[in-house]
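Read through the structures below before going on.
Each of the next two complexes has chain A plus one more chain, namely chain B in the first and chain C in the second.
Right, the complex of A and B next:
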């Protein structure tokens, strides 16, 4: 009763929330029924409810193959590289940009480093291709011009974690550096003033004032990344690697793997088992790291 | 720090009494070199795509991609712009972006306002329902079945619009903005007899322009750049957005029929690289064109988010 009274009292407010709430129910909660398929042998004609229960068979199938280890490792390894290198370089860039006194230089540099954030992964993929393709690519042309041999980069899985990390840093360092810069700008000038009076060099000021005072921002961003470490960036990996099978050993992440299982093999049940594994692992990860964050520093935890 | 900036502005930077040691100077040079090199590396791919889209196809084939092409040609653009695909893809992308952004901003703002409203008893329940979707996803299979089999939205533009209409992350950015608004506004309007709908649309929305602009840009960018939804749900090439057109050009199958429309026949050989690069330029054109404006709002929005969230 009290619920109805509350809703009646604020009917206009709840009416405002209704479209958003409906959206969440339809597009976020209803599809969760898809997790059931992981325990069924899904057939389109029978639908989710009518298909036969098979218990954990789909999971067994996934875990028995070497695939589960490969895609899990790739997902975590690549995301780990992205978080460490991406945030590290962004932090460096923000600190450096903050030290630059020429406003014109700073403005132009900032505009350039932020630009890659705005373009789609397919455009990035085209740019990558311009650099790496075997015959017309800039890298091979440069190598050959210097008397070295060109390589077929799209057949060499070993170097792709490095390539993808470079691409990630290129695309996101500017974006993260703006978040860091916002935090740095918030630091009171008094600290630097008194440090200068004490004779601290610029480098010492960075190490002893700037970095400790934006530590929390760094922790929050790292936690946001780690919390999603089981989720590969589908747009990035599929946009750049696409269906280049020779690169799968080092670039295939859980998201691209389940996508292919669904769209190319049409195996709903297998794909669903993989996704359920991912969702559960993702949930567990975020719980663990949030608890750790709360232990270290109460302000840094996410919830 | 402020004082030294003042000095730079008044042109007396060098005169400020500083006893910079050598290592200090090296450090400053390093900072400029590093930032400058990184900025150039960020810009270079844009330049290469832009300038080589005007290169003669044979020049690319012989010399590879060049910083400044040996021979220029407008061939690629003529080819792309004559075809039917670019026009229909542009129309699809623009429609999806405009309709999607307007609806998404409206729904998100309405929802976030309620989440931030102290009068709403169940706002924490709503917040949790929203937050939970960020940490436990439905996953691809359920999502695919929902759109394709239950809502029957395959090969419909709604499949490109509806799924992105409420992004929990953007909603929480708006919530933190609405929380900063003084509640007295609300009370004063209530005393004057305005109901909550009126308060929201007549008072709250107009004073929330900064956050609406920022979140709107986030949504617009997401709609414009997305290819995931089109990849899943659009098979009819007439409904391909620009991003799908690029993807199609990368996979390179039957390019001339795809770009031109099946009836068109060309006498010249197809400038494959040129067509790809020209299409990329036409796709990122609006973003680059609006970039100064976009950049300002994004920096503002990210700064709000970083300090509050």
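Right, the complex of A and C next:
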């Protein structure tokens, strides 16, 4: 009853939320029914309801393979690296940007770090190849010019998590730093003023004022990242690594693996089964981490 | 009462349609036979035309309501596409009255995009598909309309320009689900060789594989900036890995790829005996020697060191940095030749193939590599077929295949053409290709033209016992998807010589053997059933 009264009282405010709500319903809630086809042998000709129920058959292709735990590990490991390094560097960047006093330089620096966000993965992929290829790659040429041996980087899976992390940070750190910067700008100048009067150094101000006050933004961004930790960034990984088999051991994520396994079969039920697996695992992880976040700081948990 | 009246009308219409179908079938038979006997002679066309007229009259003479057909093709949109469409629409306006909405999907996105289009039920009227893409899967998933009736009713010309073998061999599950596209009956395979470098090094024209390798070693010694050998390494292109490519030029016995694994040699046919062989059961010495040869070439630094990582091989060939590359057609593609000449003045490619031109030497199942299908969701199936039929008439074919005469191409005789400029790139293989109307690029060398003409005649090839067989993957989808994912990890690395053969093969075998066996058993079962039914 109180809920209806609440809605009636603030009906204009709720009306404002309506478009967003509709968007969520159409694009986030309705498609959830699509998980149904993970348990069916979906054929377009028969439709969703006409297709045969097959239980957990569609999950077999994934869990029967010897690679499923490897690709799951890769997915979590790479995403973990992306979240930690990406957010960490973005935070540093935001703080540095905030400390810059010359407005012109600040604006230029900000645009400069933000720019990579707009470059498509396809272009990034070409840049990476130009940088790393064996015969004319910039890196190998530099190594050879300095008297070192050139390496065949595309045959060394071990270093690729690092390479991908660097690329990720380069592309997204600027973007996240804008969010942090916005949060920092929201901090009242009074804190800094009184700290300065008490004789706090710049560094002390950062550690004791800036970071604690934007902690909840950091936690929310981290939680959002963790919620998608089971989804490999297909556009990025397939764009850069493509079908380069020697790199699979460290770069193959759930999404690229299932793409390869299913690209010739065109089986929607099987791909839905993989997505189902990712969603359920994602839900479980976010519940766990949200609970942890709530323990640490009640205000910064998601729900 | 009213309802019954309606039912009656519907029944009458069905009956009429059936009769019309039979009628056109009968009218078509002689034309068909004539076309079979002499596939390579367009000259007999006019003689057949009148016989066809009554059947074709219905859709051809009465002006129909305008309909826009959405056609999905592979590749990039040519600059002059709109001009060609305009001209085509003008020509069709008084008869089948079709407007064309041609959508191009780049090859790299083709599999994914077309699949999503079909699965989401997007309104597409004609779509490109192929066995190397996912035609078997799409058919077994029920996305395509069977064409037998439509062809009989509206497609007389489209039938006439193709040989009977072509239709018989390219049925899926006993029906024609898509129009086979091909300009001959054997897919061409060549090594593209840098003629200028060969002549500079004083090497005589290459006649054998040994000549080719000797040339490569010479390049390695003398040309520091050129990488001698280039093939494909991304796991989506398995047939054109350096070692695997040699299967296309090997005789006694010929090793043929299977209907279940597509491009892979792990399961293969040989000796035309209707058996499926499995490399995991017993390693075939010849195939193993290809792998070892590739390994030697790679460690000797002849094969491009980044072969597995390069996604766009054509651009590497065009840049002039390789001396020999594999290619999937007879002759040098004119686009490659032009691009190379632009990047490296004086550079020229020549086509070298070891495919033999002896009657009956090559075994084929007459399977074509490209198809045009009509999706079940299309609302204009009849009109789509009428369009395909319209495109199978000489003048219309010339327009759609080569562009506007005088602007984009020049006719040379009845069966050759010369391209002008780059406004209209070559892509008839995507929608209308057939052996009767196709013109050859007059820029090809003599040898290449001979190959094309030789393989146009179906009778010059030995028919595989499996002609007309198609594999239904449904019983082994789990095994296939597991197998594909495993094979992708090792296959190209092995056949391009990037990894140690013994160690990698052992790993590959351990992971993939079980699934390969199950696929082999299922394939053999279906083949046995097919052969039994044929007898």
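Assume the second predicted complex is superposed on the first by the 225 of 303 C-alpha atoms of A that agree within 3 Å, B and C clash if a C-alpha of one lies under 4 Å from a C-alpha of the other, contacts with A are read in each partner's own complex, and residues count from 1 in each chain.
By definition in this document, a residue touches a chain if its C-beta (ideal position, glycine included) is under 8 Å from a C-beta of that chain, and two chains touch if they have at least 3 such contacts.
This structure is a prediction, so every number in the text was calculated from the model and none was measured.
Chemist: Return the chain, chain B or chain C, that is in touch with more residues of chain A.
Modeler: B
Chemist: Going by the contact rule set out at the top, does A:105 touch chain B (first), chain C (second), both, or neither?
Modeler: Only chain B is touched by A:105; chain C is not.
Chemist: For A:147, select first, second, both or neither according to whether it touches chain B, chain C, the two together, or no partner.
Modeler: It touches nothing on chain B or chain C.
Chemist: Scan A:263 for contacts with chain B and chain C and give back first, second, both or neither.
Modeler: Both partners, chain B and chain C.
Chemist: Look at A:158 in the shared chain and tell me whether it touches chain B only, chain C only, both, or neither; answer first, second, both or neither.
Modeler: It touches nothing on chain B or chain C.
Chemist: After the superposition on A, what does A:66 contact: first (chain B), second (chain C), both or neither?
Modeler: It touches chain C, and chain B stays clear.
Chemist: Per the contact definition in the header, classify A:248: touching chain B only (first), chain C only (second), both, or neither.
Modeler: Only chain C is touched by A:248; chain B is not.
Chemist: Could you tell me if A:43 is touching chain B, chain C, both of them or neither one (first, second, both, neither)?
Modeler: Touch partner of A:43: chain C, not chain B.
Chemist: Tell me which partner A:130 touches in the superposition: chain B (first), chain C (second), both or neither.
Modeler: first
Chemist: With the touch criterion stated at the top, can you tell me which chain A residues are shared between the chain B interface and the chain C interface?
Modeler: 44, 125, 129, 135, 242, 262-263, 268.
Chemist: Please output the residues of chain A touching chain B within their complex, sorted ascending.
Modeler: 3, 6, 10, 12-17, 19-21, 23-24, 26-35, 37, 44, 47-48, 89, 92-93, 96-97, 99-103, 105, 108-109, 111-116, 118-123, 125-127, 129-131, 135-138, 140-141, 170, 173-175, 178-179, 182-183, 186, 189, 192-193, 201-203, 217, 227, 231, 234-235, 238-239, 242, 255, 258-259, 262-263, 268, 271-272, 275-276, 278-279, 282-283, 286, 303
Chemist: So in the complex, which bits of chain C are touching chain A?
Modeler: Interface residues on the chain C side: 111-112, 115, 118-119, 121, 134, 137-138, 141-143, 227, 233-236, 262, 304-306, 308-311, 321, 376, 473, 477-478, 480-482, 484-486, 488-493, 498-499, 511.
Chemist: Quick one: which bits of chain B touch chain A in the complex? Just the residue numbers, please.
Modeler: 1-2, 4-5, 8-9, 13, 21, 23-24, 27-28, 31-32, 34-36, 38-43, 45-46, 48-49, 52, 60-61, 63-65, 107-108, 110-111, 113-115, 117, 119-122, 126, 129-131, 133, 135-146, 149, 162-163, 165-166, 171, 195-197, 200, 221, 224-228, 231-232, 243, 246-247, 250-251, 273, 276-277, 280, 283-284, 287, 291, 294-295, 298-299, 302-303, 305-307
Chemist: Looking at the complex, which residues from chain A come into contact with chain C?
Modeler: Residue positions touching the partner: 43-46, 57, 60-61, 64-67, 125, 129, 133-135, 152, 154-155, 242-246, 248, 257, 260-268, 270.
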